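Consider the two complexes below, in which chain A is the common component and chain B and chain C are the respective partners.
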Partner chain A sequence: MTSVEFLAWVRGPMFQIAVAIFVVGVVIRLIEIFALGRKADLSEPRGGETMPGIVTVFRRSIPDPGTFKRSPFTIVLGYLFHIGLFITILFFVPHIELFHDVLGVQWPGLPTPLVDAVAIISIFAMLAILVNRLRNPVLRFLSNGEDYVVWAATLLPLVTGYFAFHRMLFPYQTMLGLHILSVEILLILFPFTKLMHFFTSFVARWYNGAAFGRRGVQS
Partner chain B sequence: MSSSEDRAVNAFREQIDGPIASYLSSCVHCGLCAHACLFFTETEDPRYTPINKVEPLRRVWKSEYTFFGKLASMLGVAKKVTDDLLEEWEPLIYDACTLCGRCSMVCPVGNDISYMIRKTREGMVAAGYAPDGLKGATQRAVTIGSPMGVKFPALQVQIHNVERETGLTVPVDVHGADYMALLSSMEIMNFPEYIGALAKIFDKAGVSWTLCSEAFEATNSGMQIGSSDLEGELLQRVVDGAESLGVKYVISPECGHAYYALRWEGPNVLGKKYPFQVIHILELLDQLRLKGKLKVEDKVDEKLTFHDPCQIVRKGGVVEEPRSLLSLVASDFVEMEDAGVMNWCCGAGGGVSANERAQPLKLAAFKRKKSQLEALGAGTMVTACANCRINMEEGLEENNMQIEVIGLTETLADHLA
Partner chain C sequence: MGSAVEQNVRAITVADRLRAQGISRRGFLKFCASTASLMALSPAMVPAIARALENARRPSVIWLSFQECTGCTESLTRSHSPSVESLILEQVSLDYHHTLQAASGEAAELARETAMQENQGKYLLVVDGSIPVKDGGVYSTIAGITNVDMLNEVAAGAAAIIAVGSCAAFGGIGHARPNPTGAMPVSEIVTDKPIVNVSGCPPIPTVITGVLAHFLTFNKLPDLDDLGRPLAFFGQSIHDRCYRRPFYDKGLFAESFDDEGARKGWCLYRLGCKGPATYNACATTKWNQGTSFPIEAGHPCLGCSEPDFWDMGSFYRALSIPTEDTTRTLVYGVGTGAVLGAAAAAVARSRKSKAKAAHYKVSVNDLEEST
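Right, the complex of A and B next:
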């Protein structure tokens, strides 16, 4: 397989397979949750559910001061790589063009040097996250194979994208092919791993906020 | 699969709902919940990380409620719930968790971990994996009527003492009273001044109330051990008592989990709404204060703080009432760090106090309250839970700390105008 053929394959059939697995998988996982549902709560409510649920959906993105004081490293690194991924995925101009091709919608991008800097910060944040996971006793204890696989699958698109953009390591065509393939691996792993938290954490936050809100506490 | 494993798995299945599935789908193993849990912060044992405690429940969810897990089960590679696992996890779920709910407030993906642990206990107890102390308390609650083995004659003795001391009548089995007051065994045996406080305050405020000889016990070991069936059996006694007297309200006493069981879990466990309203004593007292029926003649001058019982404040929603009541009676009220819905547990809720095996761990966990108190320098700590109170008295004594612990209701009664 030549690098041109490889690129055509990851852009063509492989892309379609990955997206199909991602979409169908995520839908199945969400149906699995919503089909279970909740029993009606018969206790007399003190407060509402909907609004406190929505407030918690947003508020949980900000740590309470005590938690921040106890785990500043975990929290700062978490912010860095989440925001970094958000910017590099959604505001790199070639990515926007891809979204335009596939979804038919587009939005303004950020200057490429800025996205480049964000990518580098994200890569270093991801490396620090691994060190933190290996060194922090709680994280080391909690971690299983999936945590490391997902870590690698999240880092690879960043690194391959960076290399492709800077024409490093392999010829551009090959590196771009590897970059697209790494994203496809991420998409395929998505429905089967904790990557699902991208969707389910909002559901979880709502349920949490609703349960506490019903009892009159904003969680 | 052994019969106990079978019972556990069946019980876990019954517990899995949408919230549980969303929580288990969302955990990213960030470890932040560990730092919200006093059993971790005071021991630094990573096994006490809250989300780790739900592992038995997680295995059933993973292997039976997720596509990928089902596939793994078919291939025989899924992690199973075994007797060894349940035995290993029993101390994590019962000794190192008070169901205080602090982890539920900090989880960044929004997991209500204390809800998950409460549900995990259902499977544990169904399989017989629960601490002996808590099993004994539950058995006494079901057979005798109280986890401490208190029967009505013992309460009658205390009632007579209170009546002699106060010169007031403590009404028992009064049909058509507005309020039926419940008590915890701990109050009956260790803090009968609570009964006297009710008599004094209700007499002054003109509240129509009664105790019920058939249903005076508010505590619910069934909830603590995690058996909805036994929890329901205990709650049904309260419902029957309240119905037979035809009261409009049932007053939950100064006991955290009693309130949570009665107020929030009860109707769901029994499968029907109550024919009466449940009100916490602090809610009622604050209503009386607002109506001008609760007046004090003098204030406590000493520096005084309030310990928030988890099930009343964070998990119960009675947050402002104790503060309003204290401002009425305290001239120098100071809050602990993290006071209110983020306060730290005393370390003995959720059945830990009934579990002898957990005593050393409970004392280790008390270090959190100790450091909160040391930072404050208050000579008196008011609380609203007899279980918190007796545990903190024990912890303070163990640490040679001279701080007086008192109940909020009796503090108000002592200063009544």
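Right, the complex of A and C next:
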């Protein structure tokens, strides 16, 4: 397979396979979760559910002082790479072209040097996260193989994308192909791993907030 | 062919020819120097090139045109005229070329056969156009001979082959989906000869003269990349040498052919430019006597020197866009996911209700009895 054939394959059939697995997997899992249902709560509500739920979705994004003191690295690095990932995925112009093609909507991009800087920060934040995870005995004990796989699957698109943009390492077709392939791997792993937190974390927060709200407790 | 006069003409060296045509020694050396730099050779090689070219006898060249549009020939014959480059082209003995030769019919085929016999093992074979092999190769024949048969016959006695244009190099438009004639590039049919792929639709004239000059000088073909293209011309991408590159780096893009960005000469990536993934010398050598090249004229690069560029999605869609309809996959995916999700949910519910039905209460007394 030449580099051109490789690029054609990852831009063509392989991308569709990855998107299909991603969408089908995510939809199945979400329906499964929602359809599970909960036992009817027959107690008399002491407060609303909706507003406390929404508030909790946002409030849980702010670390409470105790947590921050205990694990500042996890929080700071986690924020850095999540925001960095968000910016590089959504505001790099070639990515916007992709979203425009698939979803039919587009938005203004950010200047490329800014996205470039953000990508580098995210890459280093992710490397630091791994070091932190390996050095901290509790974190290391809590981590299993999946955590490392998910970490690698998230880092690879960033690194290959950085190399592709700077035209490093391999001829551009190969590097761009590897970047697209790494994203496809991420998409395929997504529904079956902790990456699902992209969808479920906000649902879980809302559910917690709503449950507390019903009991008249602040969450 | 083969007459005493013809032999005499052959004995005239390139240097004699150039002098007869009024090209000064200075002009000739200048050409040698620019050829050396074009081919990325050391300046120390200039005298060697000059010496070799001065003493080179006109090599016989057989040019075979198969499934092609004559664009490659047009590109070459209309190049830089008159210039030393075009004179170099005159220094080869072009013994067979459909479009350019005066002879026709049997006389033309006789010229090819004579050239092959007289220069067995030494002639250069230039091919433009793809070769159809489906159904015994009936889709393109010359003088009743299928292209594939003619290629095999002529290639057998060639010193080397230059596949000119993307059709001969990679199959080109004939090879594009659904490839009704089973079109193939030269390299898939002839595997035992040195082949240079001078790709492009059409290729840059200077590239073919450069390859010829290299062959005349060193009696071998230049260094090639992994697609068989001369590295000196195909070693860098259009994007790397594009004068609009600073706009790409800054993130300034034209979004239509007539917006402010387009008028200001910003990067054409969003309009489908394939420059980042295209290796060719357009951005440096340029076209029409170094006047301009497509991107300079405001049009995105089509990527014509890369294999299967016809099948790489629309010319006007960015390189980052998948070549197939992702929206459709997304919609069908949601539909399929919903059906499978509902089925999974139904299974989970029935297990839940079964578990509920099978549930019975256990008291402390029951546990004590069982122990």
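Keep this in mind: the second predicted complex is superposed on the first by the 219 of 219 C-alpha atoms of A that agree within 3 Å, B and C clash if a C-alpha of one lies under 4 Å from a C-alpha of the other, contacts with A are read in each partner's own complex, and residues count from 1 in each chain.
The working rule: a residue touches a chain if its C-beta (ideal position, glycine included) is under 8 Å from a C-beta of that chain, and two chains touch if they have at least 3 such contacts.
All figures in this text were calculated on a predicted structure; none of them were measured in a lab.
In the superposition on chain A, A:46 makes contact with chain B only, while chain C stays out of contact range. By the document's definition of touching, of the two partners only chain B reaches A:139; chain C does not.
Counting the residues of chain A touched by each of chain B and chain C gives the higher count for B. Using the contact criterion defined above for the overlaid structures, shared-chain residue A:16 touches chain C, although it does not reach chain B.
Judged by the touch definition given at the top, the superposed model places A:32 against both chain B and chain C. Judged by the document's definition of touching, chain A residues 25, 28-29, 32, 35-37 lie at the interface with chain B and also at the interface with chain C. Contact residues on chain A toward chain C in their complex (touch as defined above): 2-5, 7-8, 11-13, 15-16, 19-20, 22-32, 35-37, 93-95, 97-98, 101-104, 109-113, 115, 167, 171-173, 176.
Across the complex, chain A meets chain B through its residues 25, 28-29, 32-39, 41-44, 46-47, 56-57, 60-61, 63-64, 66-67, 70-71, 74-75, 78, 136-144, 147, 191-192, 194, 196-197, 200-209, 211-212, 215-219.
Those residues of chain B that touch chain A in the complex are listed here as 16-23, 25-32, 34-36, 40-41, 44, 46-47, 49, 51-52, 65-68, 104-112, 115, 263-268, 271-274, 277-278, 314-319, 338, 341-342. Within the complex, the chain C residues that touch chain A are 226-227, 237, 239-240, 248-251, 253, 269-270, 276-277, 279, 306-308, 311-313, 317-324, 326-327, 329-330, 332-334, 336-338, 340-342, 344-345, 348-349.
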